[in-house]
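Got some structures for you, see below.
In the two complexes below, chain A is the common chain; its partner is chain B in one and chain C in the other.
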Partner chain A sequence: MPTHNAPLSFQAVTKRYGSTSALESFSLDVAAGEFVTLLGPSGSGKTTALNILAGFTEASEGEVYIGGRPVGALPPERRNVGMVFQNFALFPHMSVFDNVAFPLRMRKVPRREIGAKVGKALETVHLTGLTDRKPGALSGGQRQRVALARAIVASPPVLLMDECLSALDLKLREELRDEIRRIHATLGTTVVFVTHDQSEALSMSDRVAVLNEGRLCQVDRPDSIYDRPASRFVADFIGRTNILPAKAVTDSAKEAWASIRPERLRPEPGPDDIHFEGVVEERAFLGATIEGRLRLGGGQSLRFALPRSASVPCPEVGQTAVLGCPPGDIVMLDE
Partner chain B sequence: MRLSSILFALGVLLLFFPILIVVPMSFSADRFLGFPPRSWGLTWYRAYFGDPVWMAATFRSLRIALFASLIATIAGTLGIVGLGRIGPRWRAGLTGLFIAPAIVPNVIIALGVFILALSFGATDSIVTLTFAHAALALPFVVMIVGAAYRQVDSNLERAARVCGAGPVRAFLTATLPPILPAVVAAAIFAFFISFDELVVALFLMGGAETLPVRIWNDLRFEINPTIAAISTFFVFVTTAAMALAELLRMRTIRKLRDI
Partner chain C sequence: MSPGQKWTVLPALALALVMFAVPVALIFREALFDPAFTLTHFERFFGRPVFQSVFRNTLMVATIVATACLLIGYPMALFIVTRPPRWRPLLLFLVLVPLWMSILVRTYAWMVVLGREGMLNHALLTLGLIETPLQMLYTSGAVYVAMVQILLPIMVITCYSAMTEIDMGLVRAARVMGAGPVRAFRHVFLPLSLEGALTGWAVIFILSLGFFIVPALVGGRRDALIGNMIVNQVAQTNWGFAAAMAIVLLAATIILLALLRLLASKFLHSPRQEST
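Presenting the complex of A and B:
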């Protein structure tokens, strides 16, 4: 399958259901070949955004573009996208072969080319030899592979996936996560992936778009999202963090917040580090790390995750300890 | 335990009582309807299948039932699909409307259809009766097909759409096949709703009798074992068809639940 992809873009898309907005002036540009994940808690509008892109839902305002052309007026069948659904959505009465061949038949691909293309797609998803089975006779992982094959068989320039791994158990999920990455690398298709699982988002994507209550909070590379969250919500939602009033960290009088990741704190801080002194409230030994909470003088509690090291003894519960981190590891947040 | 089995047996006996009487009577060779028969034979089956009036009524009924079932099945199935695409308030109202003929007594419907037909000059018409029967059968189609349709994953149709199928094509490839057995079951039920129907037919049909009307008219003048033969024949036909319909209906529901 040739490399074949297209940029896409949401421009000020709003979707209202009655008085509530599922999506509120949502704008996002995805470059051709990019893997972008929409990440957000339940009800944040991820599915709504994807459905507007696929053409299942009409935007109340704004426009979506695929390959530079507005597609808002096109029905789903004319948008030329591939889609993988959470519950697979395989046609139960059709064999694996017929399921995968379906998009080709709809596109009137000549019969003699269909066999080869279906074979190639099934090979790409590492599923061969089951072509005559009905979906009912497949395992969850196999079904999702068939669904993937069906989505990519007609080489659509854009591939959409809505929580497509969440129906699978953990091991399969991790396996298919790598598989999807590999397929993306092979095909070079533009991918919009929806999930509420942050580890999925961080590990798979070129960029992550964090949504909350229908609004786009931040779009950035996974490491930047993690290291430089733009808001309290993002800092809190991605990974674990400590949110402290800025006053507790610096002497700024402004109403602001500071985010400190637990694993950035270390014992025996240097003179240039920001210091936190408190009483160890809780402590758990986790093998590679020791995690717990420190009760600060101002009453806040600070979670820490210290690397275990023989040279630095870890404070016991009830003892006073001083932890610290370089000022650069603290992210100041206005909202 | 003992008592409940006895009650169950009594209940079943009560339900089957007419059949237990009618079946032996149909095989009697006596001149008059009586129980138990004094002599045995197929006289009355021969009388039924040999009589052009009975045959005409039977074929008329079969024809009406076939078209009524076809109309009710297509309208009901499309109705269910339509109900799935409109707002919840409209859906509740329209569902009620579709189900209404099953709740309103047949006599009232018969009267209504009769008055309507009068004003159009369309009484005594097979076409009117066919449509009236289709309306009577519609609730059963809506209920049977609706139950199956609700089990179909709505993403299936969406999947077909993104794969490049238009709305009609998507319905035919994604939604219809999984519910097809239920649609066939509904068609069979609808067929017998019409085939059995007497009251509306009595109101609407003067000259041309349907089978139930013919039986009704026949019973009023003399009681003759032909009726027992007809009944027995159709008890078996109906039982076989209904069993098939029920089997199809159960199979669809179970299969849709599995995936």
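Presenting the complex of A and C:
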């Protein structure tokens, strides 16, 4: 399948249900071939955004563009996107072959080309030899692969994925995560991936768009989102962090917050580091790291994740300890 | 099931035996012994063209009524199932209300509507669409109309419950894969709801076979169904012959339904085939 992709764009898209808005003035540009994840807790508007893009839901305001064309007025079948659903949505009355062939038949692809294209798509997702089975006779992982094959078989320029790994167990999820990355690299399709799982978002995406309560909080590369969260919500939602009042780390008097990742703290801080002194409240040995909490003088508690090291013994529970990190590792947040 | 639990099914089994198996056995005895073993009742049935013609008519009426119910009831169920969830209970309620009225009452109501001096003729005369009253009562048409009206709610409910089992996400999936609303319906929704629709058809068919009040009240002389023949024979205390006709009807029903099932299992997707 040749490289075939299109840019897409949300422009000030709002979706209201009565007086509540599921999505509020959402704007996002996705480049052709880019893998962008919409990440947020349930009710954040990420699925609404995807449904508006797919054509299942109509935006109250704003417009969606695929390949530069406004698509708001087009029904789903005329948007030429591929989609993988949360519960796979395989047609139970059709064989694997007929499921994968469905988008081709609906697009009136000549019969003699269908067999080859279905074979190629199933090969791409590493699923062969099960073409006559019904979805009911497949395992969860196999169903997911069929759903993927069906989404890519007609070479759509845009691929949408709606929480499509969350129905699988952890091991399969990690396996298919790599698989989806690989398929994206092979096909070069533009991918919009929706998930509430931050590790999926961070590990798979070129860029992550974090949503909360219908609003876009931040959109950036995974490492930038992790290192430079723009708000308390993002800092807290992506990875683990300590949120302290800014007063605890600087002389600033204004109402602000400081985010410190547990793994940035280290024992025996240097003279230029910000120091935190407190009593070790709890401590757990996790192999590569030792994690725990420090009760600070101001009453806050600070999570830490220290690399295990023979030269620097970790303080015991009840002992006083000083941890620190370079000022640059602390992110100041206004909201 | 553990050996101890086996005993818990006994009351149900006993009930089924007394309520169903014993009466059927009694009917067989009535038809085959008089008092010694005899096939005379069956010979009489198959030897007289009039009985066979009534029998054929019964099968035809049941087929037409079941098919008409399917053609009207399926779209009705589809309409209800595609309404917003808060409207559905009310719509279902409206469909169900007639079911709570006695068949006798509803049949008499049709006599009032279709009679020579009835509401329909009166309305047509007043509107000037006809000049003399139409003969609607005591015709085959009246039998069909009344039977369809009486049985339709059962079809709607059967189709509706089958349709609510269908994941509407599948229809949306079909749409995003390039199928317009009509093709999404034809390739996804229709095949998945067809088994429920056929079940409804079979239920209506079976219920129609036993009708006798409706043809007796609104039908003509030639609209008698096998139910009417059985009632006549019982009235004349010809228990043996009535039982023989009941057995022929039962046998025909079982054969037809077995054929239907065979066809359905060949061509239809059944949700029960899956074990997930």
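Before moving on, here are some points about what is shown:
By our rule, the second predicted complex is superposed on the first by the 335 of 335 C-alpha atoms of A that agree within 3 Å, B and C clash if a C-alpha of one lies under 4 Å from a C-alpha of the other, contacts with A are read in each partner's own complex, and residues count from 1 in each chain.
Rule of thumb we're sticking to: a residue touches a chain if its C-beta (ideal position, glycine included) is under 8 Å from a C-beta of that chain, and two chains touch if they have at least 3 such contacts.
Computed from a predicted model, the values in this text were never measured in an experiment.
Aligning the two structures on chain A places chain B and chain C in a clash.
Looking at the shared chain after the overlay, A:154 reaches both chain B and chain C. Within the superposed three-chain model, A:328 lies out of touch with both chain B and chain C [touch as defined at top]. Shared-chain residue A:77: touches chain B and chain C both. Of the two partner chains, chain B and chain C are each touched by A:89.
Legend: residue contacts after superposition of the two complexes on their common chain; A:55 is shown touching both chain B and chain C. Shared contact residues on chain A (touching chain B in one structure, chain C in the other): 54-56, 75-77, 79-83, 85, 87, 89, 91-93, 102-103, 106-107, 135-136, 150, 154, 160. Touching chain C in their complex are the following residues of chain A: 54-56, 75-77, 79-83, 85, 87, 89, 91-93, 102-103, 106-107, 134-137, 150, 154, 160.
Residue ranges on chain A touching chain B, taken from their complex, read 54-56, 75-77, 79-83, 85-87, 89-93, 102-103, 106-107, 135-136, 150, 154, 160. Only residues 167, 169-170, 172-181, 183-184, 187-188, 191-192, 269, 271, 273-276 of chain C touch chain A when the two sit together in their complex. On chain B, the positions that touch chain A within their shared complex are 153, 155-156, 158-167, 169-170, 173-174, 177-178, 255, 258-259.
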